[in-house]
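Below, each structure is written out as structure tokens.
Each of the next two complexes has subunit A plus one other chain: subunit B in the first, subunit C in the second.
What follows is the complex of A and B.
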């Protein structure tokens, strides 16, 4: 009898062990491919990047010749040519963001408000405004270059201008901004459209009963309701344009003052395209500097978002409750 | 009161219609100008730069396309004007389509594991993955290039494809969708003795295919349009390994003169056609997909 019980126990134990083994096998086979690729193409480069930024390279090998030096950072924070160029480019990128990000938020928001009134053909308009952004930047950029060509361009000839749009720094930035609005607002626009669609209609009816004006309705009903979308767009657009490269690469590479046009990523890309391993250490260090800057600004945005979430009245109410 | 409200609505609709029409026209005009321009003779650009369409019927020509496709053979005397566009098209399709399909398989398998195989720390691991999404990509650009060198795929198409396999966003999106599938369905299938692979193929994939399709569309468009990474990986490679989006930049640099304007516009249009077809077929899905990123998060 006792033996039988033992046998049962044994069978159960074996069954259990078998099932945990099976489970492990299952999880392994489903998660395995992704784990490997995540480690290989995400974690490893990240770690390698940090190591590289603390390494010295010789021009003959892609492997670091000396690890554990802060020379790269020292050069970047010293008064050297590389440092001057890099930080100037970071500042340029930042200024560019300050100009383009508000446009990339306000223009799509305005257009989404118009679409939200549901005029005839609004679905067509939505599709048309989203359209330019889906194409390769090189295609749309090439068309733009030809359109604004100084001699044979359509724009110059119908407005009777002789402006060399791509030869001058200021006008080149203007065209790049135009490019970013033309091909870059699609996503934000669609997200705003969806956000506006999801605003609770009864809120508008209630504000109608209260006799709210259009502007107050927008300020007190619409804006709070689409705040998540507003912050999402602000966040992603800002990060996106801190990394701006393609637009400048496409439109400004013939500019005589290319140095004034280079964004931070453009500098890094320059070092890498030359494929002289000597500069890889600087490139890695620059990447980390720019990345940390982006994270820093994102954190500020997140904190602002959190603070806004708790409204003034709620805070007052909390304070009042505390005092009781 | 009610009537004036209604009329006000009508007026605002008309105003919205007019402004939107104007904006849409402005947004579409450059594309249309490029399209018509690719069928114009370059003399027509010279003589009538102010004309939007080919200025007369004789200015309408296929020369740009013909010239572009005549430069697909390597001629050593004109090594700079060698545009193997068939190779570029083929490469772009391989990178955009092949890379996306493989990533979707990997990502949906992982998403299945996170949702339906409740293993230890599943949620914590997933939370960790989401946190890694906030790390700016520029940090790993340089080391990724070395990584590709170490793996021996520098200057090859594989070097364009495989870095995307480590992406988190696709797993995140597909997992979001899988979470919406009723757990009872999976439990029932399990009680019937179906293996996980069978459940994945027969139950979860058919239900989740729209989400996977949308994710695939974005992956395809992203890979097709990529220039930055392509410049690093294949920029120094022979021209036959370039992709279309990168090749266009070189065409645009080398075709500065007005004689080459038709050719360069033709190449731009060719690179846009596949994406445009995708957009025509799946326009509502793409727009819905973008909209969802704003609502669900």
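What follows is the complex of A and C.
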């Protein structure tokens, strides 16, 4: 009898081991590639970047000559050209984000609302709005350069203007903003479209019964329903534009006041000119500072947008329900 | 201390994979002895099918011509030395080189065909080997006295050569001979004559007396002469701060022709001088003339950040001169052969170098100098085989001596004086037709060796763009130069080891 129990126990354990192994195999085969990529291309560079920011380099090797120094950070917080230029560029980037991020949210939201009404050819419009985003920055940048060239550009020719769009700081920022919005709204637009598709239709019917107008319907039904998509877009767009580089490199490289045009990432990239490994420590420290700043602003956004567990409206509703 | 240990351990762990394949580069390996060299009974180095890999900064048509020249070398040295060329754009080459040298040394090139002005910077990274030692072993010719002094200086650090100069080039001027002749104007030979011609053309146009012709000319046929418009100023020589030719060659040339220096003896920038300011003042007056300018009329419109600003007006006859790279001369010839086919074709245009075109005082020695950029072949330090290094010197010798007229036709003037004086070079019809107009290698000056080249160059470009832009035209040029100079030095100080 005892032997029989042991045999059953053995078979049960073996089966359990087998099923556990298969479970891990299944999970591993799905998650494995992503985990490896995540470790290789995110965790490794991040940790290496942090370590590099605490390291000194010699001009002859990309391996650090000294580790555990805070000199790179010290330089960024004292009165030096590199500190002045970096923090100025961070402030410039932040101001740019304050202008462009709202546009990159509101314009695709408006377009998504329009497309969601399913007008004729709405599929064509949906594709056309998304299209600029799939082309490389260099191609779309060249189109803009051709459009806005001060002497041979179509815009100046058609409107008989003499504006040097890329030579003046304000107008160059305007074109860069246009570039970002034009090419960047596609992704946000698609996310908003998906969000709008999923809004519960019964809520609209209920609001109709309550006599809501279009604006109130948008404010009290649509907007709360797409709140997750709205904040996803807000976060990703803000983070994306805090790292703006390619658009500025394409359009502003010939601006005589290039110092006023450089974003934080442009300044970091600038340090690497001439491939001098001695700049790696400073560049890494700048990158970490910028990253921390972005995280800090994102946390503030997160706190501001935090869903309250029990809203005042919910409390009132509960009280009303109990009184019945 | 604890933090240091933690960071050190983490780094070692994370970098173990990278470090195993990483070449530290640099080092002070002393060259001595014969290494793996085998000599024959005559004391010559034996080459047994030595393979050399060269990365070249040439692209497009230049790459095709260079491939032909290298193929001839490979035929000549069949079974002995074979060179395989890979072409990369100058925008990709440096990063690719750094990554390959550090992480994939086996696939790194043995020799590099790149701009000579980068030699000092690359040597500071520990990438290059001196070549004098191997020229002695291989007995290949390297007569330093035969090279244009500035070009040789650019690859010489201390008293050792770190490469062999091959050629030099700058921007060139394209000239509408037909418009000059039709209006009884002469081809200018210096700045004063150029200003005179441009002022005369502007005055003629104002008085509705300037004859022009070209493509798309308001309903006129390309060869049909008509009067230039009186509605706007006729500006004979378009330039702009956004134009590459201006900030890469013309600005340096203007500074040099007025006595300015680019690099000081300590390898730091030296362009914050009154002389350089004077040179840039010539360019500012070019677009924004004042009562004290040599030119009374603007010689160029304010094209701002636009580039290649001469191309369209030149073809239309709306200007007489334009800047272009000499390698594009053949295309200019083709364009005009087609555009003015019924009336002389490309005989209506000619090409000139920039010598004396920005000098306020023609009596000075430096008035004729042209800022150029030279190609040089350098030997990379990771090549450990002495036989391979000797083979590289044989190849360098060949490229310097035998690229000659074919390479010059593409706008690259040979660095060796003897080559430019040779019968083979001068007897080619192209020489008489246009190559001789680009001058001799001794007319060219390149940026002297500086390990801070990238900073010296980029901050000077910033100063030039400000100096000739409308937004800064009221600012003192010397003040602009001083401000950029200070910033440039601040960054250079960061890298003082």
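In this text, the second predicted complex is superposed on the first by the 266 of 324 C-alpha atoms of A that agree within 3 Å, B and C clash if a C-alpha of one lies under 4 Å from a C-alpha of the other, contacts with A are read in each partner's own complex, and residues count from 1 in each chain.
Assume a residue touches a chain if its C-beta (ideal position, glycine included) is under 8 Å from a C-beta of that chain, and two chains touch if they have at least 3 such contacts.
All values derive from a computational prediction rather than experimental measurement.
*Asks:* Would you mind checking whether subunit B and subunit C clash or fit side by side on subunit A after the superposition?
*Replies:* Taken together on subunit A, subunit C would clash with subunit B, as the superposition shows.
*Asks:* Have a look at where A:62 lands relative to subunit B and subunit C in the superposition and call it first, second, both or neither.
*Replies:* So A:62 meets both subunit B and subunit C here.
*Asks:* Report for A:258: first if it touches subunit B alone, second if subunit C alone, otherwise both or neither.
*Replies:* Only subunit C; A:258 stays clear of subunit B.
*Asks:* Report for A:44: first if it touches subunit B alone, second if subunit C alone, otherwise both or neither.
*Replies:* A:44: touches subunit B and subunit C.
*Asks:* For A:273 in the superposed arrangement: first (subunit B), second (subunit C), both or neither?
*Replies:* A:273 contacts both subunit B and subunit C.
*Asks:* A:194 in the overlay: touching subunit B, subunit C, both, or neither? Say first, second, both or neither.
*Replies:* First partner only.
*Asks:* Check whether A:126 is in contact with subunit B, with subunit C, with both or with neither, and answer first, second, both or neither.
*Replies:* The first partner, subunit B, only.
*Asks:* Touch test for A:152: subunit B only (first), subunit C only (second), both, or neither?
*Replies:* After superposing on A, A:152 lies in contact with both subunit B and subunit C.
*Asks:* Touching A:97, do we find subunit B (first), subunit C (second), both, or neither?
*Replies:* neither
*Asks:* Is the number of subunit A residues in contact higher for subunit B or for subunit C?
*Replies:* More residues of subunit A are touched by B.
*Asks:* Please work out whether A:134 is in contact with subunit B alone, subunit C alone, both, or neither, and reply first, second, both or neither.
*Replies:* In the superposition, A:134 contacts subunit B only.
*Asks:* Looking only at the overlay on chain A, choose which of 94-102, 112-120 or 220-228 in subunit C hits subunit B.
*Replies:* 94-102
*Asks:* Taking the contacts subunit A makes with subunit B in one complex and with subunit C in the other, which residues are shared?
*Replies:* 44, 48, 62, 149, 151-152, 254, 273, 275.
*Asks:* Which subunit C residues qualify as touching subunit A in the complex?
*Replies:* 3-4, 7-8, 10-11, 14-15, 19, 22, 24-27, 94-95, 97-98, 102, 121, 124-126, 241-242, 301-307, 309, 312, 451-455, 458, 462, 465-466, 469-472, 486-487, 490-491, 494-495, 497
*Asks:* In their complex, what parts of subunit B are in touch with subunit A?
*Replies:* Against subunit A, the touching part of subunit B is residues 5, 9, 12-14, 16-17, 19-21, 23-24, 27-28, 30-31, 33-34, 37, 45-46, 49-50, 52, 105-107, 109-110, 112-114, 117, 119, 129, 132, 134-147, 149-150, 162-168, 171, 196, 200, 221, 224-225, 227-228, 231-232, 235-236, 244-246, 248-249, 251-253, 256, 258, 261, 264-265, 267-269, 271-272, 275-276, 279, 283, 286-287, 290-295, 297.
*Asks:* Note which residues of subunit A are touching subunit C in the complex, please.
*Replies:* 44, 47-48, 51, 54-55, 58-64, 67-68, 75, 80-82, 85, 149-152, 164, 166-168, 254-259, 273-279, 282
*Asks:* Would you pull the subunit A residues touching subunit B in the complex into a rising list?
*Replies:* Within the complex, subunit A touches subunit B at residues 23, 26-27, 30-31, 33-35, 37-46, 48-49, 52, 62, 111, 114-115, 117-122, 124-132, 134-147, 149, 151-154, 156-158, 182, 186-187, 190-195, 198, 208, 228-229, 232-233, 239, 242-243, 245-246, 249-250, 253-254, 265, 268-269, 272-273, 275, 280, 283-284, 287-288, 290-291, 294-295, 298.
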